[in-house]
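Presented sequentially are two complexes of chain A, the first with chain B as partner and the second with chain C.
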Partner chain A sequence: MSRERNISVIQGLRYQGGGVQLAWLLHRISGLGIVLFVSLHILASFFGGDFGKFTNGIYEAWWFQLFVIFCALFHAINGLRITVLDLWPKLLEYQREAIWMEWAVFLPIYGIAIFVIIQTALGG
Partner chain B sequence: MSTTKSRNLSLTRRGLNFEMLMWFFTRLTALAMYLLVIVGVVGALIMGARTQMNIADLLRWAFMPNALHVQNSNIADIAPWATPFWKATASLFLLIAASHGLHGLLSVLDDYFVRPWQRQAFRFIVIVLLLAFSVIGVYVIWTS
Partner chain C sequence: MQVTMKIFRFNPEKDTKFHYETYTLEAEPTDRVLDVLERIKGYEDGTLAFRRSCAHGVCGSDAMRINGRNYLACKSLVKDFGANITVEPILGLRVIKDLIVDMNPFFENYKKILPYFITESPIPEDGRERLQSQEDRERFDDTTKCILCAACTTSCPSFWASDDYFGPAAIVNAHRFIFDTRDEAASERLEILAETSGVARCHTTYNCTVACPREIQITKAIGEVKMAMVTGKV
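== the complex of A and B ==
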């Protein structure tokens, strides 16, 4: 069952998959980010104490909040696109439009989140 | 172009195996999580968030009604969430999210580790993590 990887990582990065590939890559990164974040979160709630305080300090940092919101929001919106297009395959014809729509939803919401997080971080 | 109608193929030749079921499971759990988020937000609005909080406080109040969660943030009274119904929905969300997320982690790992022993090892690790986080998470939800 072992399959050999016959392209290198560099070749993989050079693949010009455009917006779809970017969505795939960001979906992967944001998914891993959420797994890491939620796992630590469960452990922090369970153990509390110094470990809980240490991880809570990271969660409350503004740069980490920017990352978490990006992961959760992008993964949710892109995941909805994947789910809808996969369960209704006829819509795959509109893949390009679906990705445009996805960014049109994501960017304003994330923009507001950035604004609020940075405003709060600056003590506003 | 002639194609064989899928209904004439046996289930295994149609591709109905464990991986196919998990592919489907990933999409269904995505929809289920959307549903649970909507239920939680609507529940929070009904239980008073409508006039008392902004969206960030609402999400923190609704989905993390646990005093240990983010210790330094102000949290409203979490008693409304301490009912069996909300503990059950929180447990359901946790189990769905943990299996969705850890299966996703495994799919990513499968893309970069192709040797059978590596894949076996990661399957073992992921199953252990899934069991551990499910038990710990449900324990935290029902005891605090």
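== the complex of A and C ==
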């Protein structure tokens, strides 16, 4: 212990950074989700056959679509917030408000997506 | 009120792994967390190790994680945390003993940004101070408040990932000189900060600004340094 840095993934996740750290964490998770989605597409096209059908089955499943839309939508909106704040550093004084605005934009759009996907999954 | 304080303990002379010890004692709601730690060290367990110096939020010695977030123990009141308080060392630095961490990597990063006044210009003819307008002074007023407590740097996920990253505190102190009209080494500092371990590692997480006990707009300062780097305008 004494020769090592006092840090691990668990300790980092346990840090009480609040809403700003949650946004940072979700940005990483959603980025990985998008990579997973694109990778599945490439693998399905490359191998085809039974493997392709199996992979298609995963990313066409309603629960995976909910996950992918969450990832793409959150990553895009959060990325836009960070880009705007990076380009106009003066706005960083309103970081908290920017995060609230981000959720205010994200939640209704994702809510509509959930409604449409679930309705379609139930055959509506 | 009765306070139960759970404290991170590690003694390199006998422990191979850290553990937590719990102390229950009486405290006033208006006591500071540092007061409670002093009482534990003075009356219950003299082996407890932590840094403190001025105890008034100026020296920056007693940055620690209190209930999972970085604070200065001398500026944190018991009533703000409740009856159960967990105290741990700041993250990303080697623990020397209990709440004391090795600050050397932090200060090595600080030194890299040349945190001192650099000028080649001769002193004014009257031999007195180098004058500056109030507007020019205001540009870096906020970043002069840094006390190098490391609360910001050790709350930063990019620093957790690698202590090569200069960290928010070093960049804040670079900002203090880059935007000082009397200093003439802004381009040199911007070149240093353009390294892979410089400002590019900041992902605008904002943990640093939330953790700063001096309420410095750290992420904004880093953003201004980024813009100065891109535009070349100071």
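Convention: the second predicted complex is superposed on the first by the 116 of 124 C-alpha atoms of A that agree within 3 Å, B and C clash if a C-alpha of one lies under 4 Å from a C-alpha of the other, contacts with A are read in each partner's own complex, and residues count from 1 in each chain.
Assume a residue touches a chain if its C-beta (ideal position, glycine included) is under 8 Å from a C-beta of that chain, and two chains touch if they have at least 3 such contacts.
Being a predicted model, the structure only gives us computed values, none of them experimental.
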Could you tell me if A:Gln11 is touching chain B, chain C, both of them or neither one (first, second, both, neither)?
second
Considering only touches as defined above, state whether A:Gln95 meets chain B (first), chain C (second), both or neither.
second
Regarding the shared-chain residue A:Gln119, is it in contact with chain B (first), chain C (second), both, or neither?
neither
Compare chain B and chain C by how many residues of chain A each one touches, and report the one with more.
B
In the overlay, answer first, second, both or neither for which of chain B and chain C A:Asp86 touches.
both
Residue by residue on chain A, keep only those touching chain B in one complex and chain C in the other, then list them.
1-5, 82, 86
Per the contact definition, I'd like the list of chain B residues that touch chain A in the complex.
27, 30-31, 34, 56, 66, 68-73, 97-98, 101-102, 104-105, 108, 114-116, 129, 133, 136-137, 139-140, 144
Of all residues in chain A, which touch chain C in the complex?
1-7, 11-12, 14-18, 20-21, 24, 82, 85-86, 89-90, 92-93, 95
Would you pull the chain A residues touching chain B in the complex into a rising list?
1-5, 28, 31-32, 34-35, 38-39, 41-46, 48, 52-53, 56, 59-60, 76, 79-80, 82-83, 86-87, 116
Can you list the chain C residues touching chain A in their complex?
10, 12, 15-18, 65, 67-69, 89-96, 101, 155, 157, 160, 163, 203-207, 209-210, 217, 219-220, 222-224, 226-227
